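Just below sit the structures, each encoded as structure tokens.
Two complexes follow with subunit A in common, the first pairing it with subunit B and the second with subunit C.
And then the complex of A and B:
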């Protein structure tokens, strides 16, 4: 089943949010609008808005209220992607040139700032003080994660804990908070906030591990960028950490640099695959997924819970 | 009289805010803390916090409440400086290496993001919904201003309106909002919010014009960076716009680029001075200052009003 078929009952509201996102990034500056629209139109799964809406189904669902949270969270995610691309010196995202590639790093930096600022405008329509505090703390954590990621690049003596802490800040927290804020902003009961936070956190961890696996197992066409891009940019992901337990593979991995050719990378990817690192990573991803599904048990039965489960399963098993 | 003598009656509270700023930027990431502290210790006039506190004197002044607004606004200002230095490729600020010079552009980008995120944490302690809306809108405007500034670099056919719009977004708005939010957060009467916004706006315009004049008239020691730095970076400021009405001077100005030597810049500065551009710029700065002082007339008499007047006069006449 395709992802968007799983929440077809939300289609009208998701379409509304897509329109709102387009409206959000319109600005008096043609350059800013163009750069932001370029990013928006590159697509994305809109996982965060979908989770916000689903979570709000456990409270008093009002799309006019909850759309502000959904739009704000997707904008924060988009802003972080733009700044990520600057750091990673990435040329392609989802098969399209990145903002830093199409314009330059300076434009990318301010486009990220601008999209982030727009997210704040949407958040000012949300009344719950708690929601603001949680979001502000989360953004601080995301920023710390981003700077730690720079430090951890090409640092081959890092351990699994470094990796998990990094992907928590980089991905899992914002997905967790999407679920949590959907519940808070719709006035769902407090135990549900916490459960949804945990569900989102576990799904987010599984999601990022899957993403890091796909960097090695998916095709360039599926990825929208060359396979092995993460490793080429010095990002040490879970499959790499597992592969490096084999000393002879590690010796090859630490030689990767900007001059590594596509052929060299492809044979290194084959080598990494042969260590069993992909299977081991899948196991960890599945463990997080199981934890996420376990949390769902404690939520009221119904269409919403079923959809959360379907999406979680999809995310853990997706091919790209 | 020295600036900090003008508001000596606020000394305890200003000291508290300085401590709070130090606390704000502490983080689990040693690199982030070090980079942020480097910026904080380079100093600054702390005009925005001072204006927040003074404005709050027109309402129910409570330092424990109002400090959140003061800290948030200074952090936003600091974050924008860090990103500015990336854009301007600046090596020095206030006589110290910039973050992008001491570390690199990537660290500077995320340090800016982080400091900005911390400002949001402080703002979540402020209850007034109106304050959040105003601040979010202002940050959006500041971002638009920053991207427009990139576009306007080395664009010699711009006019005075372009310049005024740019410095409004770059400087005046945040100073205006510092005054306005101080009044709002302390529950001052509504007509006072608007007057203080306008006062801050006019002072901010005068302040930035003075800054742009000093780039040509102050010494390298006073500036903490070489004279003519703005022009060298392609920033077309008011003195430059006035000087360019002399065609022979304009022809020399448009030749400025990264290879322009210090000697060439110094003789160009002399040329610009001889056109009378500095005096004309001073006149415009004074006109904004007079408007600011005019606004003050409509405010209740007392120590606060006198202090606002003293600071405004200082800012308009400062030598560096």
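And then the complex of A and C:
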């Protein structure tokens, strides 16, 4: 089943969020509007807004209130993508030129800052102070995670704990708070929103590990970038950490640098695959997924819970 | 508040901001963020007479300064390929991190309204930065208005929130921050031959000159005269406002004099060097 079919009952509200996103990025500056729209139209799974809406179903669901959280979280995600493309010097995102490629770094910085400010403006329509404390902490943690990621590049002596802490900050936290804030904004009780935070956290961890596996197993066409790109850029992911437990493979991996050729990378990918690192990583991803599904057991039964389960299974096991 | 007290409080806030900005890894690679004491002084002066306690005042000023520093940090990102990669990457992240800290500080203070007000300021600054960068303005006046908005929007929003926007201190702060920027732009042009302001003046003054084409000495002097005209006008406005100032703040008046004198010194130097 396609992802958007799993939450088709939310279609009207998701369309409303999409329209609100378009409205949100309107600016007095035509160029700023154009650049932001260019990013918005590149699409995306909109998984954060979907999680916000679903989580809100556990409280008093009012789309006019909830939309503020959903839009804010997607805008924060968008702002970080624009700046990430400056950081990575990326030319393409979802098959379209990045803002920094179509315009330049300066425009990308201004656009990212503008979208971030807009996200906070939306968020301030939410009165619950607790929601702001959680989101503000998360934003700071995500930034620290990104700084740590740069610090850890090509650092081959890092351990699993470093990796898990990094992906928690980089990916899992924002998914976790999407679930939690949706629940808080709809007035759900504390035990519910805390469970939803954990659910989102486990799903996010599984999602990122799957992403890191796909860097070695998916094709260039599926990924939109050459296989092994993460490793080439010095990102030490779970499959790499597992593969490095084999000393002979480790000796080859630590030679990887920005100059490594595509052919050298391809043979290294094959070597990594033969160590069983991919299967080991899948097991860890599955373990997080199981934990996420376990958390759902403690939530009230119904269509929302089933949808959360379907989405978790989908994003944990996706092929690309 | 006397000179000594003002100086002390500015120093205390500067130290607190410094602590917030401290990140051992970032410090190894990025250019140290500039913590503008004049800006602290104006933020401080604009809320000092209210009912807030010292601790709250310091936190609010720190927050507004973090917003400004985050924006200034991102201003260091340019399009040069030869830039050191890690420095660029961490400069982007440092700005994002400082923005996050502003939100966190205000969330901890449970002041959601100020989050909103300052976010509106950030939007304005970026809209005007693009107008300047792309030279979208129709004429020099509009270009100068954008430059001013970039400098003052955060301060302006801060004053609006604390209902100080109609008071002399707000008007004075706006003119002072603009004057300081004009003087800095002029200094940069004299020293390096280029600046954001003078690139704009060049476009609007000499429509037929290519952007990368060098100007003649006469043309450069003409641009300097335009800049000087704005500096003089801003200085006059400041002088008028200083006379309206209800309670003279010695530290503030001294800083205004220093900036004004710096401007005179630069003008004199340039005139002497021809």
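The rule is simple: the second predicted complex is superposed on the first by the 320 of 320 C-alpha atoms of A that agree within 3 Å, B and C clash if a C-alpha of one lies under 4 Å from a C-alpha of the other, contacts with A are read in each partner's own complex, and residues count from 1 in each chain.
Simple rule for what comes next: a contact is a pair of C-beta atoms (placed from the backbone, for glycine too) under 8 Å apart; a residue touches a chain by one contact, two chains touch by 3 or more.
The structure displayed is predicted, hence computed values, not measured ones.
Student: Does the subunit A-based superposition show subunit B and subunit C clashing or fitting?
Tutor: clash
Student: On the A-aligned overlay, A:29 touches which partner chain: subunit B = first, subunit C = second, or both, or neither?
Tutor: In the superposition, A:29 contacts both subunit B and subunit C.
Student: Applying the document's definition of touch, where does A:12 land relative to subunit B and subunit C: first, second, both, or neither?
Tutor: Touch partners of A:12: none, neither subunit B nor subunit C.
Student: Counting only touches as set out at the top, which of subunit B and subunit C does A:1 meet: first, second, both, neither?
Tutor: The answer is neither, since A:1 touches no partner chain.
Student: In the superposed arrangement, does A:114 touch subunit B (first), subunit C (second), both or neither?
Tutor: both
Student: After the superposition on A, what does A:140 contact: first (subunit B), second (subunit C), both or neither?
Tutor: Both partners, subunit B and subunit C.
Student: State whether A:105 touches subunit B only (first), subunit C only (second), both chains, or neither.
Tutor: So A:105 meets both subunit B and subunit C here.
Student: Please report the subunit A residues shared by its interface with subunit B and its interface with subunit C.
Tutor: 27-29, 31-32, 83, 86-87, 105-107, 109-111, 113-114, 116-118, 120-121, 123-124, 127, 129, 132-133, 135-137, 139-140, 142-144, 146-147, 150-151
Student: Residue numbers of subunit B touching subunit A in their complex, please.
Tutor: 27-29, 31-32, 83, 86-87, 105-107, 109-111, 113-114, 116-118, 120-121, 123-124, 127, 129, 132-133, 135-137, 139-140, 142-144, 146-148, 150-151
Student: List the residues on subunit A that touch subunit C in their complex, please.
Tutor: 27-29, 31-32, 80, 83, 86-87, 89, 104-107, 109-111, 113-114, 116-118, 120-121, 123-124, 126-127, 129, 132-133, 135-137, 139-140, 142-144, 146-147, 150-151
Student: Tell me, which parts of subunit C touch subunit A in their complex?
Tutor: Listed in rising order, the residues are 23, 25-26, 70-71, 74-75, 77-79, 85-86, 88-90, 92-97, 99-101, 103-104, 106-108, 110, 112-113, 115-116, 119-120, 122-123, 125-127, 129-131, 133-134, 136.
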